[in-house]
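You will see two complexes here that share chain A, one where it goes with chain B and one where it goes with chain C.
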Partner chain A sequence: MDISTVNLVVVALAAIGTLFLLISAVGMLRLPDVLTRMHAAGIAATLGITCLLLATGLHFLAEGQMLRMVALIILFFVTAPIATTTMARAAYRTSHSDQFLLSHDDLAALSPAAGPESQEEPGADEE
Partner chain B sequence: MQRLLVLNLFISLMWPILNNDYTLEALLLGFVFGFVLTSLVQRMYWLYTMRAAGYVAYVLFAILQSNLRLAGTVLASAVGMQSSLRPGIVAVPLDLTNPFDITVLATVITLTPGTLSVDLGEDVSGRLRPYADPEETAIGLDTGKSERRLQSEESSQRLPHRTAAPRDGGEAALLVHAIDVPDPNEFRADIKRRFESPLLELRRLIAEMDSADN
Partner chain C sequence: MSNDLFELSLVVLMTLLTFSLLLCFGRLLRGPKLPDRTVAFDLISIHAVGIFLLFAVNSHSYVLLEGAIITAVLGFLGTMMFARALERYPHVRWLERPSEDED
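After this line comes the complex of A and B, so read on.
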């Protein structure tokens, strides 16, 4: 591949990555509640980061940085969901379900706020 | 089988380190060596690796796809076109029994923007309960165990894919938050078809090979 072609790909990847980071930021500001905002953060965590790291790896291909970038992407993909799940769970457990915009909530049957004595509460009934 | 895959990946990581050659090519070379080695141990290994790689590729494609869709949703809501988001938390009862498989599924669902696994529950004959550790119930910390075991044996007959021993409780149920759920039942079926059934296939393949070994 020609040097300029590589540069073009690098610039394109970096631009796409940055664009998705921007969209993610917009989503963080515009979406209604914690859980939906976490979806917006997911855009940045997957496509945004991946594109930026791939661009970096391609740009420093001669220095052999590609392996490091691929390793970073894999590590990111393995660790990010754990943090996301934990945060979502904590957010749900520490707040009342009125604080979320939910059209359908199966988790209400499980939430500790309902307590063991009131497990007959609606929520899982829709099944 | 999974151990072989881990061994293969370990060898492919060790190769660049021992060669002091930190490039992608060295990693791939190491992977090929590891692949040949593990194929000597287990003849069917390549099939498993192919399927697993296929699943990874499929998941990456699904991530890309849902990224684009979610980006569209975000942009639409930013300009105020779409005000009718219907987020919801849906319990998806799983056929998977292996904790590793459930972890993989939860990770994949969280990685896909637009869906997010929030919690893990247990579906005991249609009622949602907190997830009980199978080992805890196996020691006998749980009362009402025999009744629930009976139920799970029933359900294990219903599901021919089930390969691991039936859990003492019901099926695990993943609580998935999705940003737009028009129809919970359709959403459940979608998750099961797109992400769970390939994992079930893989698990069945592993069981087949293990039984062929013995």
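After this line comes the complex of A and C, so read on.
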């Protein structure tokens, strides 16, 4: 394959990744809640950094760096949900329920001591 | 695509990533509670990895990719450390402005 075609593909993938990271940063600044901001940090940023890593591995394909970049992609796909879940649990347990825009809260009935105040539902008070 | 245009477009993309990083720093400064700042730190570490990768492509030296890997792992460990410490010590008020919680 021609070197200019490879450069074009590398720049296109890097542009897509940068665009997704920019969308993620705008969502981080604009979204109203901690849990909705975790959407921006967990989903769009993972897709953006995946495109950037693929562009880098394609540029250094002759040096044999594609395998290392694929390993880093796998690392991001494993660590981003773990970090987001841990942050969501910490944010839920250290805050009150009026700070979240939750329409439905399953954890409030399970742990009334650690979580926010549980809403008494009608018909759910036996057992 | 010629070589000059390739490097120029990479510099433009690095500038865009730097602007995006500044938006994340805005959330890091503004965030009312510590979980907001923790999420902002996670996104900042991902942006640091992205800028590292574009810098390595722009300077044609794949040795710099080691730094990207180390930045990714350290960002994940830092986020986990912040989240676990926040969960374990919930009443410590790091970095919070005293005018917001006086009620």
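Quick note on the criterion: the second predicted complex is superposed on the first by the 107 of 127 C-alpha atoms of A that agree within 3 Å, B and C clash if a C-alpha of one lies under 4 Å from a C-alpha of the other, contacts with A are read in each partner's own complex, and residues count from 1 in each chain.
The rule is short, and it goes like this: a contact is a pair of C-beta atoms (placed from the backbone, for glycine too) under 8 Å apart; a residue touches a chain by one contact, two chains touch by 3 or more.
A quick note: this is a predicted structure, and the numbers were derived from the prediction, not measured.
Once chain A is used to superpose the two complexes, chain B occupies space next to chain C without a clash. When both complexes are overlaid on chain A, the residue A:Gly17 reaches chain C alone and has no touch with chain B. In the superposed model, A:Arg89 makes contact with both chain B and chain C. Residue contacts after overlaying the shared chain place A:Phe100 against chain B, while chain C stays out of touching range. Of the two partner chains placed by superposition, only chain C is touched by A:Ser4; chain B is not.
Of the two partner chains placed by the overlay, only chain B lies in contact with A:Val70; chain C stays clear of it.
When the two complexes are overlaid on their common chain A, residue A:Pro81 makes contact with chain B while staying clear of chain C.
Of the two partner chains placed by the overlay, only chain C lies in contact with A:Ile49; chain B stays clear of it.
In the overlay built on the shared chain, the residue A:Thr36 is in contact with chain B alone; chain C does not reach it. Of all Cα pairs linking chain B with chain C in the superposition, the shortest spans 13 Å.
Shared contact residues of chain A, touching chain B in one structure and chain C in the other: 24, 26, 38, 40, 46, 68, 82, 84, 89. By the touch criterion given at the top, residues 16, 22-24, 26-27, 63-64, 67, 70-71, 74-75, 77-78, 85-91, 106-107, 110-119, 121, 126-130, 175, 177, 179, 181, 184 of chain B touch chain A in their complex. Within the complex, the chain C residues that touch chain A are 1-3, 6, 9-10, 13, 16-17, 19-21, 23-24, 26-27, 33-36, 38-40, 42-43, 46-47, 49-50, 53-54, 56-57, 62, 65, 68-69, 72-73, 76, 79-80, 82-84, 86-87, 90. Listed in rising order, the residues of chain A touching chain B in the complex are 20, 23-24, 26-27, 30-33, 35-36, 38-40, 42-43, 46-47, 64, 66-68, 70, 77-78, 80-82, 84-85, 88-89, 92, 100-107, 109-110, 123-124, 126-127. Those residues of chain A that touch chain C in the shared complex are 4, 7-8, 10-11, 14-15, 17-18, 21-22, 24-26, 28-29, 34, 37-38, 40-41, 45-46, 48-49, 52-53, 55-56, 59-60, 63, 65, 68-69, 72, 75-76, 79, 82-84, 86-87, 89-91, 93-95, 99.
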